[in-house]
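One chain, chain A, links the two complexes that follow: it is found with chain B in the first and with chain C in the second.
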Partner chain A sequence: MKLNRRHFLGASAATGLAGLSGLPLRAQENVLNVTAYGGVWEQAIRDCFVAPFEAKTGATGTVSLGGPAQWLAQVEANPENPPLDVLIMTPDLAVIAAEGDLMDDFTVEKLPNLADIPQEFTDACLGKGTYFDYGVGGITYNKQYVSEPPKSFAAFVEGVAAGDFIASVPSISYGPTPVFFLWALNNALGGTVDNVDPFFEAMAKMKDNLVFWAGPNDFFNHLASGEADLGIYFDGRTWNHVDEGVDWIDFINPEEGGAMTTVAVQKPKHASPLAWDYINEMLDPVNQSKFADILNYGVTNKKVQYSEKLAARVPSMSDAILPPYAEIARVRNEWVDRWNREIGM
Partner chain B sequence: MRLTDILLWLFTAAFFVFMLLPILVVVVISFTSAGYAAFPIPGWSMKWFARIFEYQPFIDSLIVSLELAVVATVASCLLGIPAALYLARSRSGWATAITTFLLSPLSMPMIVIGFASLFFLSALGFGVSFLALCIVHTVICLPYVIRTVTAVYRGISPAYEEAAMILGASRFTTFREVTLPLIRPGIAAGCLFSFLTSFDNLPVSYFFGSAQTNTLPVVMLAYMEHQFDPSIAALSTLQLLLAVVALIVADRLYGIEKMTVAT
Partner chain C sequence: MSDTVSSFAARHRRSLLLAPALIFLAVFFVMPLFDNSLRSFAPEEGSGFTLARYAAFLTDRFYLGVIVETVVLSAAVAAISVVIAYPVAYVLVRKSGRFSGMIVFMLIAPLLTSIIMRTFGWQVLFARRGLVNQWLVQDLGILDAPLRWLNTPGLAIAALVHVLVPFAVLSIASVLQGVDRRLEEGALMLGASRWRAFREVTLPLTMDGIGTGAILVFMIANGSFVTLVLLGGGFQTLPLLIYQQFNTTRDFALASTMSTILLVIAVGCLWLQLRLVRRQGV
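This part shows the complex of A and B:
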């Protein structure tokens, strides 16, 4: 056959396309696609959950790094053949995914370790998932500038309003803000999901002594640079800074109880059945205590034994408050709208 | 020296300080000995550069990003150069409409393109894959090639090509021997913009990320959200170095001045 230019270009294009290792991800037998946040999270997921899963089943776990919004969109776009088998989700997206009927039901028959997870955590995911890890939003402060930190949200508001402290608080552009800051402070000041006036009144009183952080790293920079003395932040992130050598930072779980910021695990419908074995490892008390030790966050299995260092740091589940995520989802847009009009950051 | 010259000089100096100082701070932080990002730094160390090579997802995603940027740039050239040559000289009313359509990804929010493409390509069966990523990145890189090649080609007199054809050259020979050398600065500029646009893209790549297809910006974002060490600053310094080297190579090969004329 005579090779003309058209044949050559056609063959080149076909070779190029074939060379792209780019076929869509499909559920493969004995391979489980799981999810993780980046950095230390990813390593903890591999060591604490993927490794025991692989040892017990002989299957292979691949870890996709990213975030819940990305993963949920991928499952929504491919509901019959989800590219991911296990999702790590924020509580609000877990509810959305459950309401969208995209996730499988969690039962003790499929997940024996689920029996040791508080039922309210599974109920909060509408039975289509459960929480396996939690942090608490509270008051983080710079010990060099604050000798007597506020012990409660109410004292925090009073101190900031009086100008005793400059506080760094999350801006509305940070996803968890409506729950771990707005709802938590409002709840501590006597408000309800349907009445958030106490929160906005407190913000109006504090406004001259507030700076806003858009991401967790901003908060640390505010404290490190002296731009703020204290602020609203997470326990686990604070302890991570301490473990990295930052000796001037400390955390208080407010007396009213900080908001529990949880991480949910879910299995998309039509995902690999191996996902149940993997999720059961995620709920295992031994694996969870290893995970907690690495991340400095609390975990949800009632049989978990924390190390001495962690036991002193992690607020017990009874010292934190589980926000009503489903109720908050109903009014969240109104809160954001009011925030934009009255606070603007 | 007149007062206006002094003021202009001061303004220019202030402008460069304003632009370069944040970059300089990032570069300095990448050499910190501390386990967290803070300025000024307590001591000097190369450990965060070593961390880049220890953390396998950085390396894997860097390879994906480089492969993707090359494929998207080549595909943009294969599709964009012929389109630009036709559209630049066409007198049809459709040409303007088609040019606007091909340039439209520049005016659309990237996150909308990413989200819509995920659902569209999934419906077509491409799903979350490297091939899907290549298709979407080609869509967002194509306008840069079309824009730069069109700008250069419009500035070239048709007389060169007409003279070649009058002297007996075929259309392909005319393209190869006359047109291509003349539009080369436009192609080089388009390739450079395409490569950097694809390499740095986050909002589109985000929706197609998986264990096999995560790009470097997606992994950097995931890392930054849950880790506080300065390895991201070290990675940014390396990226900066890569961009500077690319610009120096492009300058030596084609001349930055010719390429900026093309834009």
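This part shows the complex of A and C:
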């Protein structure tokens, strides 16, 4: 047979169509599609949760990388046949997803390890999810340039306003900013969810000595390059840098208490029932201990035993403040709009 | 049967060849764009059609300021890029000789690096304790104290121009290459100075390349995101605001409204620039 260009194009098109028909457009029966942030997070999810899940069930876990806003949008677009079986969520989005009746209820019958998670963490997700990991937003500083770091949010504002430090703070384009920075600082300065004037007044005082970070790597660049002396960041990420050999960085949980920045796990309605087995592994104390060791973040199972190194780093749940996520979700867009108009993007 | 198929294929050969590309564009570009626009017209509740979001957006001084800032920034970046690109393109086409390949490689090489890495490079160079300040303060002693370069409009524009100049150079060079040099030689022989020959012969003949380069740079700058989000510059542009609606507030309808407005601006500017270029008689 003589193969000419027409035959080639026809054969290619047919092959392409045949290939498309076999695409796993929906999670297959024995495959669970779970979610993770990129980088060290992904590896920790694979090693600590996916591997034991696969060993116990014989099923396969695939990991989708991205962020909660994107994952929730994917589920909202196709709630009857969600493309993801387990979602990693920020607490405010977990509330929105629960209120939208997109997620299944969490019960001890479905998740035996849920019995060892503080009830308030499940309640905070309106019973349709729970927190499995937490960090604290506080003050990270460069020890080479800051010999006496501020111990509180109030001292941080005073020092930056006076020009003692150049501070790197999260920009409003970073999803968690309204909670772990805006709410936390406002709360420390005497504000409430319905009165964020203290925060905006503090920002106005500090504005000449601020730079904004768009993502966690951006913050580290600001400190490493000398653009900023200190800033608002997460404890776990700071300790990760220390473990990587960065000896000039340190973290302070402000005296007023940093905002507890939690990570929730949820199962969309109509997702694979295998999700319960996987989530139970996520709540398992042994798996959570391993996860905490890798990421330097606290975990929520009460039976977890931290290593000596981690025990010194992870703040107890009483040393951090659990923000009122449901209340914040109600006014968050107003805060963002005010930030845009008064501070800029 | 086979003959019928063959004759149909022969008659519609061009359409058949275009079909895969057109289908791809329709499915992955036009339909999502259409769907996105529809969302901006959907009322908060129920079905129907509303212009409320556009009315609210276009009557709010803050949002109007964002639109103006987006257009002015893109236009400034396009203008600066073309001014920088023209001499480079001229040298590339007329003077580089056997080094032309190397110049083209040097132009394209930065595009092979991730834009995030390049932007982080600007942060490292121009940080308060970065190399440039160290040089100015400690090595040369020109300044007493380091300057705050980051988060200034000038640096954000410089970083955008750095990313986009190659597009302008390649657009201008491709047109410059097609200009018949005998026309310039004729002008010189008739007594024109080099500058006049360039201004009245070469430049008008390359307006098409300048227009294409400017349009290209304007379009990319109009939608640029990474450079502005990392270097700030105090600019408030539509792409930053759109990202915020997806990432922070989850107001998808408002994001759709803004992206439709951004699209209309881009198409409008494209049309305007094409008209201007054509008016030059090119």
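Everything that follows uses one rule, which is that the second predicted complex is superposed on the first by the 323 of 345 C-alpha atoms of A that agree within 3 Å, B and C clash if a C-alpha of one lies under 4 Å from a C-alpha of the other, contacts with A are read in each partner's own complex, and residues count from 1 in each chain.
As a convention for this text, contacts are C-beta pairs under 8 Å (C-beta built on N, C-alpha and C of every residue); 3 or more make two chains touch, one makes a residue touch a chain.
For clarity, every value in this text was computed on a predicted model and none was experimentally measured.
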item	value
Chain C versus chain B on the shared chain A, clash or fit after superposition	clash
First (chain B), second (chain C), both or neither touched by A:83	first
Touched partner set for A:245, first chain B, second chain C, both or neither	first
First, second, both or neither for A:33, with chain B first and chain C second	first
Broader residue contact with chain A after superposition on the shared chain, chain B or chain C	B
Partner chain in contact with A:211 - chain B first, chain C second, else both or neither	second
First (chain B), second (chain C), both or neither touched by A:73	both
First (chain B), second (chain C), both or neither touched by A:221	both
Touched partner set for A:58, first chain B, second chain C, both or neither	neither
First, second, both or neither for A:41, with chain B first and chain C second	first
Overlapping segment of chain B (options 44-52, 62-70 or 134-142) - the one that collides with chain C in the superposed model	134-142
Contacts on chain A seen with chain B and repeated with chain C across the two complexes	67, 70, 73, 221, 225
Footprint of chain A on chain B - complex, ascending	34-38, 57, 71, 115, 118-119, 122-123, 125-134, 206-207, 209-212, 214, 218-219, 221-229
Sites on chain C touched by chain A in the complex	9, 20, 62, 120, 123-124, 127-130, 150-151, 229-230, 232, 234-236, 240-241, 243-244, 246-252
Residues of chain A that touch chain B when the two form their complex	17, 20-26, 33, 37-42, 62-67, 70, 73-74, 76-78, 81, 83-84, 215-217, 220-221, 224-225, 237, 240-241, 244-246
Contacting residues of chain A [partner chain C, same complex]	6, 13, 67, 69-70, 72-73, 93, 96, 166, 171-175, 177-178, 211-212, 214, 218, 221-222, 225-228, 332-333, 336, 340-341, 344-345
